[in-house]
Amino acid sequence: MSKKRIGIIGATGYTGSELVRILVNHPGVEISVITSESREGESFSDVHPFFKGICDHKLESLERIDKYELDAVFLALPHGVSMDAAKRFKDMTFKIIDLSGDFRLNSPQIYEEWYQKEHVYPEGFKEAVFGLPELYFDEIKRARLVANPGCYPTSAILGLAPLVSEGMVETSPIIIDSKSGVTGAGVKPKAVNLFSKVNDNFKAYGLGRHRHTIEIQGVFDRLAGKDTLVQFTPHLLPVDRGILTTIYARPIKAVNNDELKKIYGEFYKEAPFVRLRDEIPAVKDVRGTNYCDIFVLFDERTKMLIIVSVIDNLVKGAAGQAIQNMNIMFGWNQTDGLKMVPVNP
Amino acid sequence: MSKKRIGIIGATGYTGSELVRILVNHPGVEISVITSESREGESFSDVHPFFKGICDHKLESLERIDKYELDAVFLALPHGVSMDAAKRFKDMTFKIIDLSGDFRLNSPQIYEEWYQKEHVYPEGFKEAVFGLPELYFDEIKRARLVANPGCYPTSAILGLAPLVSEGMVETSPIIIDSKSGVTGAGVKPKAVNLFSKVNDNFKAYGLGRHRHTIEIQGVFDRLAGKDTLVQFTPHLLPVDRGILTTIYARPIKAVNNDELKKIYGEFYKEAPFVRLRDEIPAVKDVRGTNYCDIFVLFDERTKMLIIVSVIDNLVKGAAGQAIQNMNIMFGWNQTDGLKMVPVNP
Amino acid sequence: MSKKRIGIIGATGYTGSELVRILVNHPGVEISVITSESREGESFSDVHPFFKGICDHKLESLERIDKYELDAVFLALPHGVSMDAAKRFKDMTFKIIDLSGDFRLNSPQIYEEWYQKEHVYPEGFKEAVFGLPELYFDEIKRARLVANPGCYPTSAILGLAPLVSEGMVETSPIIIDSKSGVTGAGVKPKAVNLFSKVNDNFKAYGLGRHRHTIEIQGVFDRLAGKDTLVQFTPHLLPVDRGILTTIYARPIKAVNNDELKKIYGEFYKEAPFVRLRDEIPAVKDVRGTNYCDIFVLFDERTKMLIIVSVIDNLVKGAAGQAIQNMNIMFGWNQTDGLKMVPVNP
Amino acid sequence: MSKKRIGIIGATGYTGSELVRILVNHPGVEISVITSESREGESFSDVHPFFKGICDHKLESLERIDKYELDAVFLALPHGVSMDAAKRFKDMTFKIIDLSGDFRLNSPQIYEEWYQKEHVYPEGFKEAVFGLPELYFDEIKRARLVANPGCYPTSAILGLAPLVSEGMVETSPIIIDSKSGVTGAGVKPKAVNLFSKVNDNFKAYGLGRHRHTIEIQGVFDRLAGKDTLVQFTPHLLPVDRGILTTIYARPIKAVNNDELKKIYGEFYKEAPFVRLRDEIPAVKDVRGTNYCDIFVLFDERTKMLIIVSVIDNLVKGAAGQAIQNMNIMFGWNQTDGLKMVPVNP
C-alpha cells in the first residue's frame, strides 16, 4: 500500500516538531511538505538542530502547497492564524487536523467572546468535529476537518467524562485545578517562559478567564445535556512537558471506589491510550507518549470525588492526539505510529 | 542587653539548618547549643558543609543540655520524637517552640487518630498554643510551649482566615489544593525525594488522608465557631522550597473584589509578613523569607472565591515562623532577625 | 523469521528499564524473561509503573533462567555482581552483553586495582570484547561476550578517537572534563542523588580517581599503540540524563578546521549514530536516542583542540549501545529498533 | 554617623535587583535614587514584584541624577552603555563601581578587539582599578572608579591566583572549564535563556572567543609578570545562579597537597570571603552569598593540578563584590552588609 502524503503547516513551534518526531516513524505516512513563513528556505533541521539527519526537509511557503498532492494536512499554527488556512483549504479534498483553538468551541459567537477576535471562517464550525477520540470516534472517522482539543481540556475532559456522561456529579461548579509544563506557553521567548522566571518556581495564572474554561465547559454541556459550570485554574510548572489535572466534584449520590473503577473501566474499554491507575500517576509516567493516566477516588469523609489525570501536553494534548485522529480518519488502528514508551526518567 | 541563649534540638534536618541560618544573624540571640543524637561529636558544619566558618558548633547529645542555661529551645525533631523532648522539658522555665506536629491538633485523641500513634505527653495540649502569630498573637506572647504550625496549614489558613472568621464562606467543604517543594518531604533519602523521581515531574499524593487536613480543619473549626470540612490535596513540585495553595470556596453571599481587599487589608493590618498582592504571586517571590503573599479573587461568572497564597515552607512554614514566635514570646518586634529579602531568581 | 528470545538480568535499575523501553518496540526480538532477586514475583510494571500495559512481565529469580531458551541476555547488574552471572553463563551458547564495568578494562589486574575488588571470573577477559561499535565492529560481530562501555568513556572515546588513532594529538595528559545527568549515579536513594542536593546545584566529584579514567585510558592506549595519560573529571548535572564531555588536547602539529571535519567525517562515515555538528551540541539534542553528537574546534589563538561530545548516558551510554551491539552480533542492521527521535524539549 | 547615599544606575537587570537586595539591609547606606530609562516612572517593585514593601522607590531617568547628593553610584548597565555613564560622571566626586565590562581590560585597544566596539571613554582606563579585593585591596581603597570583575573571571582568577603569583604553574595554556547558571545570560528573553531550552539541558558556548578569556588572561599576565595563555570554555547550567570553574594546570615542579593548602591559606589569610574547602564544593554551598569556595588537588598519577572554585555569579560575581568594593572604598569592614548565609537547599 502506498503511503499517505502529509503536509505540516507551521514548522517552528513545539507542535510542529512533535508532529515530525512522531510521523517520521509512522509506518503509514510520508511527510511531503513542511511550511514556514518566517523560516522559508531553511531546512527543518536548521530550525530544530536535533533533527539533523532525521528530517532535513526544506521549509516552503504555504503559497506553494498547491503543487503537492496531499492526503492530510496538520495545521500547527497559532490561534487566529489557523482559521485563515482552514478557509483557504475549504474546497480541498485532503483531511485537515487543526491543532489551534479556532474550531473547538460550540459556536463562532462563543469564540469571539472568549478569544476577543472576529472569526474569519464561521462556516468551518459546521463541519468541524471536536477531535477527542475517546468521546467522538465516529464523528472523527467521517470528518474532513477535525478541531484537535486543547491540552488542558484533554486532561480535564477525559478525567471526568464518564461521570458527567452518566449524570453522576453536580456540575455547578466543577473545580478543575490544572498544572502544566512550560511548553504550553509556546516557543516564543517572553518573560513568562524565561528559565529564571520558571525554574524552582510555580504560579497560577489566568484565574477565572483562561480560554480553555469554555472549551471544557462546552464539552461538558454536550455530555450532560444541560448547562454546566466549570471553575478552571491553570498553573505553570517548572517542567518542559506534562499536565496534571486535579478535579473536585460532588457526586449526586454516594458511590464507592469499586463502582467508580467499573464505570471508568467500562467507559474506556475501547480506549487504548487511557490507563486507569491504582496509584496516583505522575506526569513523567506518560512523558513522550499518547497516554492519559487517570486515578479516581471517593473520599468517604467528605463525600467528594477527586480525580487526577496526567498527559503529555505536546502528545496526547496536541501532536499525538492529532495523529490518533489522523489514524481514525484513514481507517487505521488508533495506535499506529503511537506505541512510544514513556521516557522516564 | 545581654543576648538570649538558644538551644536547637535536632541539627540534621532542614528545619535545624534553617533555624541556624536565620539565628546567626539575629541581633538578640546567641546559639548556645545544638544537639544531634546521630551526629554527636561532629560539628554543625560537618553535617551542613556550607556553614563552614559560619556555624561550627560541636553537636551534643540531648542528654547534656542540662548544663546550659537557656532562654528558649527549638525542637527541630520528627513527629513522635518531639513529644518526648517536650515531656522531658515540662518543668523547665525556658520557652519551647516545637516545630513538629505533636501539639498542633485540638486534642490528643485527634492526634492519635490521624498520626496513628499513642501520645506520650497529652498534658502538653493544655498549655500548647498554636503558633500562628497572625491569629494567636496574644496567646503566643503568654505561652511557654508553642506548637509551630505545619507548612501547608500556614499557607491555607492565612489564605482563608479573614473569610472564615467573618463567616463569609460555606465550609462544607472548602477545597484546598496545595503544591509544595520537596524539602517538605524531609532530608532522608528515599524514592519519593530522589532527583530523577522529582525532576521534570509532578504528582499528587496523600489524597483525602494527609495529616495537615485535620490541622487546617481544626483551626477553621475554632475560627468559624462550628464544624467545618476541609478537602485538602497536596502535590509535590520539582522545586526545593515553596508552597503555593489554591483555595476554592463559595461565599455565603456575593462579594466584590474591592470589598475583599478591604476585608483582607483590615484583617492583616498589623501582620508585617502578610503581603496582599494585586497580581498572582509565585513561590519564588518569597523564597528565603518569612512572607506570605496572598491574592484574592471573586469570579463573577461562577460566583466562586479563589485565593492563592504562597510561602517558603522552610521559613514562614517552619523556621522563620518559629523565630517570629520567639520574638513575640520575648516581647520583641516580630520582624527582628527576619528582614530577609527574597532570593529571586 | 522467528524473533530472537531475550533475557534481561536485573530489572530494577535504569539500564533495565531502558532496555525494556527500547526492546518492546524492536522488530526482531521478544523479551522472554526479566529477572530480579529483590522484586521476584512482582511484575515489571509494579517496579516501574509507567510500563503498565506495556510490559507486565512477572519478574523471576536468576535461578529459574535455565528453563528458558534464549538467544541473548543483557546483564543489567551492578559492578561486582555481573561477573558472577557471566561466570555462571560461561558455557551457555546465548550471546551476552554485560552493561557493568566488570569486563571493560585491559586486564583483571587493572580491574582489581581500580575497582578494589577481587575478580571472580578473570577468564572472561579473554573473550570479552569492548562493545564500542564505532571502533570494534568486527570483533563485536564475532563475540559471545561483549563488555558494553561505560557512559563517560563512550562520550570521551568517540570524541577523540579519530585523532588518537591517527597519532595527531599529544597524550600526556589529555584533559577530559565531563558533566553527567543524575541517572548515572543509579536508582538507589542516597544523599548524592537526592533532589534537594542536586536541583539548582552542580559539583565535581571523584577528582583524579574515577574508574572511568582507566577505561578511557585503556582504549586510548590501544588506539595510540602506546601509553597515554588521561586526566578525567566527572561532574554532576541537575538533569536526569545526558553527558556532555569537553576535551582539551594539544595537536602534534597545527591543523585547520576543514581538515578536522574531513578526518572525523572519514572516521565515522559508516557510523549511523555519530552526528558531526556544525554548532555546539546540547545534551537534549540526543535525549532518548542512541546518537553521539560531536563538535570539533582548533583554536588558532592557543593552538589547542577543543572537542565537545554529547550522548544520552542511558541510551548510547548504556542500553541503546547494548542493543546496537546485539544487532551487530545477530548480523542485523545497527539501527534496528534504535530509530528514536530526540524528545526535545 | 550619617548613612552614605547611594545611587543605582540601571534597575531592570539582575545586578540591579541584587544590589538592592543586599543594600536594603546594609547598616551604612541608604539608597537615594534608582534609575531606569525603560521603566522610568514605575516603582522598583513594579519591575521586581517580590520587592513589594521592601523597596518601592520610584524609578527616575539618569538625566535627573544631578539633583541628588550621592556618595557612591553603582553602574548596573550593559557593556557599551556603562562607559557613557562613566564619561558623564568623570568630574563627579562620588565613587563609582562599574559592574559592566567596559573598564576591566588592560587597555582600550584590547577592549575594542574583544568587544568589537569603539570605546567612548578611553581615559577611564587610567583611573579604573580592577575590583578584585583579594588581589587589589590597596588600589581599590584609593580608587574613584572601580571596574568590578566579570563573574567567570572572579571564579577563575581566585582559583589560580596563588599559584600564578608564585610562578608555580606553566601558563601556556591554562585550561579553564567553567559552568554557569543562566542569570549570567541576562534578563532579556531570548532563545538561549528560555526555560525549555535550558531545563534538563546543558551545553558549551563561545568556544575560544568568550570575552572573559582576555579578562582572565590580562590579570594572569600582570600576576605572572609575563605573557600567559588562557583556554577558557564557558558552559550553561540549568540553574539560576552559580558558577563552578574547573582549572587544569601543570605545576613547574611536583607539589604535595599539604604544601598547596599552606600556599592557599597564606595567600587568602586576610580574605574573609574565600573559604578553602577539604571537600569539593558545590554551587549551592555559596548561593546568595559573597563566598568563593576553593578546592585544590595535585594528582600524583598525572602530575597535574586540578582546582575547583565556586561562587554565586550574581553576588561574588557581581553585586556582592561591588558592595565589598564599596566597603573598602569607604574604609569600612569588607563584610559589612555581606554576612548572608547560603540559602541551601
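Per-chain numbering from 1; labels A, B, C and D assigned in written order.
Basically, contacts are C-beta pairs under 8 Å (C-beta built on N, C-alpha and C of every residue); 3 or more make two chains touch, one makes a residue touch a chain.
Because the structure is a prediction, the values reported are computed rather than measured.
Among the remaining chains, those touching chain A as well as chain D are B, C.
Averaging C-alpha coordinates per chain and comparing to chain D, the farthest chain turns out to be A.
A rotation of 180° superposes the C-alpha trace of chain B on that of chain C, rounded to the nearest 5. For the pair chain B and chain C, the distance between C-alpha centroids works out to 46 Å.
Chain B and chain D have Cα centroids separated by 36 Å. In terms of their C-alpha centroids, the spacing between chain A and chain B amounts to 39 Å. Shown for chain C are the residues that touch two or more other chains, namely 14, 183, 196-197, 199-200, 238-240, 281, 284, 287, 345. By the touch criterion given at the top, residues 14, 17, 20-22, 24-25, 48-54, 183, 199-200, 240-241, 275, 277, 279, 281, 284-288, 339-345 of chain B touch chain D in their complex.
Listing the residues of chain D that touch chain C in their complex gives 173, 175, 177, 179, 196-197, 199-205, 207-208, 229-231, 233, 235, 237-240, 242, 244, 246, 248, 280-284, 287, 297, 299, 301-302, 304, 306, 308, 345.
Note for the complex: chain B touches chain C at residues 14, 182-183, 187, 189-191, 193-200, 238-240.
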